[in-house]
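Structures incoming, each one as structure tokens.
Look at the two complexes coming up: chain A is in both, with chain B in one and chain C in the other.
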Partner chain A sequence: MSFQGVSISWPVLAPIVALTAGGLLVLLVDLASKAIPRGVLYGIGVASCVAAFVTMLPLYGQEQVTLNGAFASDRFSWMFDALLLLTLAVTLVLSSLRKAEDGGNAGAYAALLIFCTIGGFVMAGADNLIIIFLGIEQLSLALYVLAGTGFPREASQEAALKYVLLGSLASGFLIFGSALLYGASGGVSLGAIARAAAAPQGLFVAGFALFLVGLSFKLALTPFHTWAPDVYEGSPLAITAYMSVAVKAAAFAILARVAYTVFGHDSVALIPLWGVAILSMLVGNLGAIRQTNLKRLLGYSSIAQAGYIVVALAGVSPGGLAAMLFYLTAYAFTTLGAFAVMALLGDGSDTYAELASYRGLFFRRPWPAAAMALFFFSLAGIPATAGFYGKVLLLQQAFGGGPWGIGMAIALVFGTLVSFYVYGKVVWDMYAPAEGVAAVPSGNALAPWIAVVAGAAGTLVFGVLPQLFYASQPFLTAAVR
Partner chain B sequence: MEGFVATVPFTILFLPFFGMVLIALAGPYVPRLGAAIVGNLSVLGSFVLTAVLASYVWSLPPDQQVLTLKYPPAWATHPAYWAHIPPLTISFELRIDPLALMWMLIITGVGFLIHLYSIGYMQESKWYRTFFAYMNLFVFAMLMLVMAGNFLWLLVGWAGVGLASYLLIGFDADRMAAVLAARKALIMNVIGDVGIMVAIFLMYAHFGSLSYKVVFANVTSAGTSALDWIGIWLLVGAVAKSAQLPLHTWLPDAMEGPTPVSALIHAATMVTAGVYLIARAHPIYDHAPAAAMTVAVIGCASAFVAATIGMAQYDIKRVLAYSTMSQIGYMILAVGVGAYAAGTFHFVTHAFFKALLFMAAGIIIHNLGGEQDIRKMGGLAKRMPFAFLTFLIGTLAISGFFPFAGFFSKDAILDELQLLGHPWLWAFGSITALLTAYYMFRLVFMTFFTGAYRGDHEPHADRSPTMEVPVAILAVLATIGGWLVLPGHDEMSRLLQGAFGDRGILPTMGEINWFVTGVTTFSAAAGLVIAWWLYERAPQLRRRLATMFAPVQRVLANAYYIDTIYHWLFEVPTLTAASDIAKYVDPEGVGGVIAGVARTTTGLGDAMRGWETGYLRRYGLGMVVGMVLVLAYYIFVVHGGAAVGMR
Partner chain C sequence: MPASPWTIIAIYFIVALVVAGVISIVPGIFTRKRPTKEKLESYECGVPPTSEFLGRFPVRFYLVAMLFVVFDVETAAFYPWAVKLKELGLFGFVEMLTFIIVLGIGYAYVWKKGGFSWR
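Up next, the complex of A and B:
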């Protein structure tokens, strides 16, 4: 089917359509009656995730580019889409818990989360500068609102405002960079840009610099990370979880696609990216040392983790993409699990994010403490967890990346050493007998338990059976065209 | 049979592991006895399956007795490995051969008896369920160690038993001494772990694989000096785990753990892992004469030194600990000179009689309310006849009296030393046999005779069948366990032939070396007579001797002051350096930087907590500065060197 010269393959867009329909349905149901229980709205959201996943299944084996070469549906985008759906479902489950999460506006909140994920889908498939920008903006605009939905708390409003203002600045860089790239290459498709990169003009290099800066903001890479700790701390818990996984995954999809399509091995153009990654690993881990708020600590941690993931691209090799996806998946299970533990323990108030209230947790709630310890071990990269094997794969890529790769490997190892202290201290606190800790909220709802168990299972399975990764490696490696 | 062989080893390995998980998950929801039953049954199940597997393997011809099992299995084409870090490919690999089976039988068999014994012995412990979970963890890790078909998985088991040992030595976490002992054991064992890691790196560098099969098949492709180095680094691991000189000082302290732990981990199984390692790596040591000789000398020296220390100790478990070190010295000596079968044989009999000794001693300690000082015992033969009888059997066995188990295995080792032409090692081994009989009978006389009971409180005589049955079984095994090499009954040789080939043939009673056997028996008898003379017949003479040789006695009682030497050599300088660094370097140095960065960032964050627009501008400024730097790089570096394309 086509109109006005644009060819559209609807099956390719089916997942997006499914999600959109789900989001609209949530809005309509919410509009129809105020008596609808919140659980129903979130249930529709989760159902639309499942529906989107089902519509993805027939696509398997039929890689194609639609919308006149602007939107790709390939193994590369499917993997990211699956990750996004997983994150969306978990976030919806975690959000369904308490009113404080959505500020009492369950319908708008759930719908925005879904629309936000659609932005992520667009980013994962984008093969052209305009689509990239569209995806990023759709994702970001929805997130700006979501960051502020915990609005009775001042911190949430502060987070939203900071996110909006700094995010706009970043979008400015991004769109200006895209414009320059278009000017230099005469096209918006990544293919056209790749051709221009072979003999770059001044306009081109400036454009790419700005583009990279804009993307680095979304990834919270140092020095464009400054918003992250504040926004992570201020946003509602489930949104923080979503930001640390889904936004990163979607932005990495763009970064990887650009790196693989436009640049080759040993490209000088990517050196600033390596530098930014090294800075992120250092700042993220060192900055986490003194944190007293767990959400903020995880904010710094996510800065460091983003730095690690960049290492996967060090050699711009096919194996790198597989390593990146493995690490992202491991990171998703681990991080979502950690946030689920926080959601489980909390009652919607802010005390559950204070590290002090985790002191001696093991003696009050042994299982959540054990799960949290597992997730933190995985974030640190202790063997038998997914995080360990992820780091093994990243290091392998780093060694294929020339001197800058070695530099990143050193930063990765150093950052990991520091992070042993950061995460180890939290675990230590949880397992040390605590006297005089104020009674902390101790929720025990079913929904977050599901997420905790799923996160723990993923963290362990990928840590103990790395051959699962190798089983899918040929599939992933072939995603690089 | 194919399917059986493919699955049973995994079941044997993971049954204790799942037992542990079950105990941990069920936690406080089941009665205490439930945890004990799960622990016991899982280990018993492993033992039964091991017995079945062993009877199958030993029914095969000797040259087919090595089974290799892999996960992913052979039919899995993709991925055909567990992990792949180019160029190293790793599978989860098990190797079942007579050597592994011998260890598996003892680990699960003796392990089960000790689990059974623990039901009663640990009755008063606060952490009853935890104890069984840890014990199961140990059995799992130890099985991993001996069943591994690859040095990497061996290392996993190796570290795992170290962890279990740490947890169990410090099991009474209320007592500082137990915690310190656990820490000491862990540190020394980690030194050993590093040794094995270095050996693994070397093997990887020379053979490109860590699989036993590949390494042993290509062993000659590496030069002698490379093999010597691999052997030496493996020896570092063996020495630490098996408490041999110079890394032995943790073992006496490890007696702070509950007695079943001492019996299972620090006598029968874990501490013999070093012997296993060297026997397992025998193709390497066969081609590494210098390393093998070092092994033998260290074993011999440890056997002798530990025996001398054992003569001057008063804690019943410490004496047994030094005797363990000494007996393992014999085993290490045996595998060092290439008498692999004799070393393995001694491991088997030692597991019987040493577990027996510890558990009999445990009954005494249990009934004396925790008393371990033999100066406060005496005259217990009549009060605890069962403990006396079983302890006596153990003592006769360890001293090497015919026809008890220790006689045959010790004789086999000393025989081999003669045959292979090591007169000096043989001489020291024989002297150690005399010392062994002396200090063990000294223990028997001081505990069970030498007049009346000297303790402070009246011993009670609880009799619990779960404690006495395993001890009785072990007493029988310690008596008849050596008969596998009686004339015409050379079962032991046939059992081990599949693992060591001709090396598996033991000198049997048929080709008896009367000289060696005579000297051994004479040594044991002399030790017995001297102990009897000094403690029963002429105590005045003993006191006179003690005054005459007071300095010697002091040195021995303090175990040659090795602990003190280590304290001044390693502990003090390390702690001084650490506190100096903390005092002078850290605030301004490394820590200063870290603290500074953290302070700066949190300070910035704290400043941001208040709602202050000015600081948002600063964030933006930071971004812009970053952007300018990135832009500058592209314009001046990339574009400046314009000839290069960016692709």
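Up next, the complex of A and C:
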């Protein structure tokens, strides 16, 4: 179908349409009656995930562009979309657990989560500065509200305020950078910007620097990470899980697409990115040492993990994309699993997030403790977990990335050593005999168990049999056009 | 000097910075400060102020402002569409209809949840 020179391919947009319809349906059902159980609303949300996935299936392995080349559906975006849907489904399941999560407003909460994910879809396929900004804003605006949905707690209000202030600042950098890039290249498509990147002028450098700053804010890369621990601590648990996986995945989709389409191997323009990655690995791991709150600790951990994932892009080689997608997938399973354990143990109070209440957990709740230990081992990168194999892949990429690659490899190894201590201490505490523990996390419900088991299965399967993922390697290496 | 179109913008930036800097710094150096009670009051277009300008006010105002912006932008989108409706044809009509339906669901949601009532 075409309209005045704008080509529209509905099959490519079908997943987005399906999610939009699902989100609107949630709102309408919520309006229909006050007696609608919360489970029904979240159920519709999960059903729309399934519907979106079904519409994605025919796109598998396809290379298509629509909206005059502004929006792409390729192998690369397909993987990110799948990851986003998985995260959305898990987040919805975890949110359905307790009323405190959504502030008693399940309809708006579930709908916003779905709209958020649509923003992620737009980001994953964006091939144009305007679409990139559109996706980022849709994702961010919905998340600002979601961060504050636990509003009876002051920490949640604080998280929402900090997120909205620093997030809008980041958007300002991003849009100003985009404007300068447009000025330097005369076009908004990544192809036009790639032509300008071949002979960069001052304006292009300034624009790309600002663009990178904005994106680093969204990814919580050091020195733009300061909001992350506070926001992660204050937001409702399921939203923290969503932020640490979905937002990172979507923003990395943009970063990778820009790095691969605009810049090639040995590009000087990406050096600031490598520096930022090294800082993130150091600050994220060192900062995690002194944390006493598990959500904060995972916030610092996510800063470090974002630094690790940047390493995959060192050298901008085709294998880098596969490494990045493998690490992101491993990270998604591991992190969602860890948050699911917290959701499982939580009892509505804030104590479930205090590290002190995990002391001696093994003797009270052996299975959740074992699952948590597995997830923490994977985050640290102990062999036989997905995180270990992911780090091997990252190091491979780092050594192909010249001197900066070597620098990142050193930071990665050092950060990993520090993180052994950080995560090891938590696991040690869980298995140490507990005396005089005041707060005992005691929740138990079916929904988070599903997420815990799925996370553990993913972490182990990708750790022991990474070739299962790599069976699709040829498919991955040719990811970005 | 190279005749790049950006030179003009650079000059504009420099002039703007210098003028703004001079205007804000010079008076601070040369004025004699003789504050009176009237001079220190917050300025409300000449009307005597009723309260401190940093006072607290209900968060509902933000809600009203936000809803206003939403519907204001909607109206701004309607005008060019209405003018060009004939050329946009059936596609443009359906497109705008979809937009109105999506917005209408949001409108209904806000209404039913009591977003418009001043509680």
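Convention: the second predicted complex is superposed on the first by the 478 of 481 C-alpha atoms of A that agree within 3 Å, B and C clash if a C-alpha of one lies under 4 Å from a C-alpha of the other, contacts with A are read in each partner's own complex, and residues count from 1 in each chain.
Assume a residue touches a chain if its C-beta (ideal position, glycine included) is under 8 Å from a C-beta of that chain, and two chains touch if they have at least 3 such contacts.
Just so it is clear, the structure is predicted and the values come from calculations on it, not from any experiment.
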Is A:392 touching the first partner chain B, the second partner chain C, both, or neither of them? first
Check the residue A:460 against both partner chains and state whether it touches chain B (first), chain C (second), both, or neither. neither
Is A:30 in contact with chain B, with chain C, with both, or with neither (first, second, both, neither)? second
Quick one: classify A:108 as touching chain B (first), chain C (second), both or neither. second
Would you check which partner chain A:179 touches, where first means chain B only, second means chain C only, and both and neither mean what they say? neither
Which of the two, chain B or chain C, is in touch with more residues of chain A? B
State whether A:194 touches chain B only (first), chain C only (second), both chains, or neither. first
For A:134 in the superposed arrangement: first (chain B), second (chain C), both or neither? neither
From the superposed pair, tell me which chain A residues show up as contacts to chain B and also as contacts to chain C. none
Give the list of chain A residues in touch with chain C in this complex. 3, 20, 24, 27-28, 30-31, 107-108, 183, 203
Inside the complex, what are the residues of chain B that reach chain A? 72, 78-79, 81-86, 594-595, 597-599, 601-602, 604-605, 608, 611, 616, 619-620, 622-627, 629-631, 633-635, 637-639, 641-642, 644-647
Any idea which chain C residues touch chain A in the complex? 6, 91-92, 102, 105-106, 108-109, 112-113
Report the residues of chain A in contact with chain B in the complex, numbered from low to high. 154, 158, 162, 165-166, 169-170, 173, 194, 197-200, 202, 204-206, 208-210, 212-213, 216-217, 222-224, 226-227, 229-230, 262-264, 267-269, 271-272, 276, 283, 286-287, 289-291, 296, 300, 389, 392, 396, 418, 465-467, 470-471, 473-474
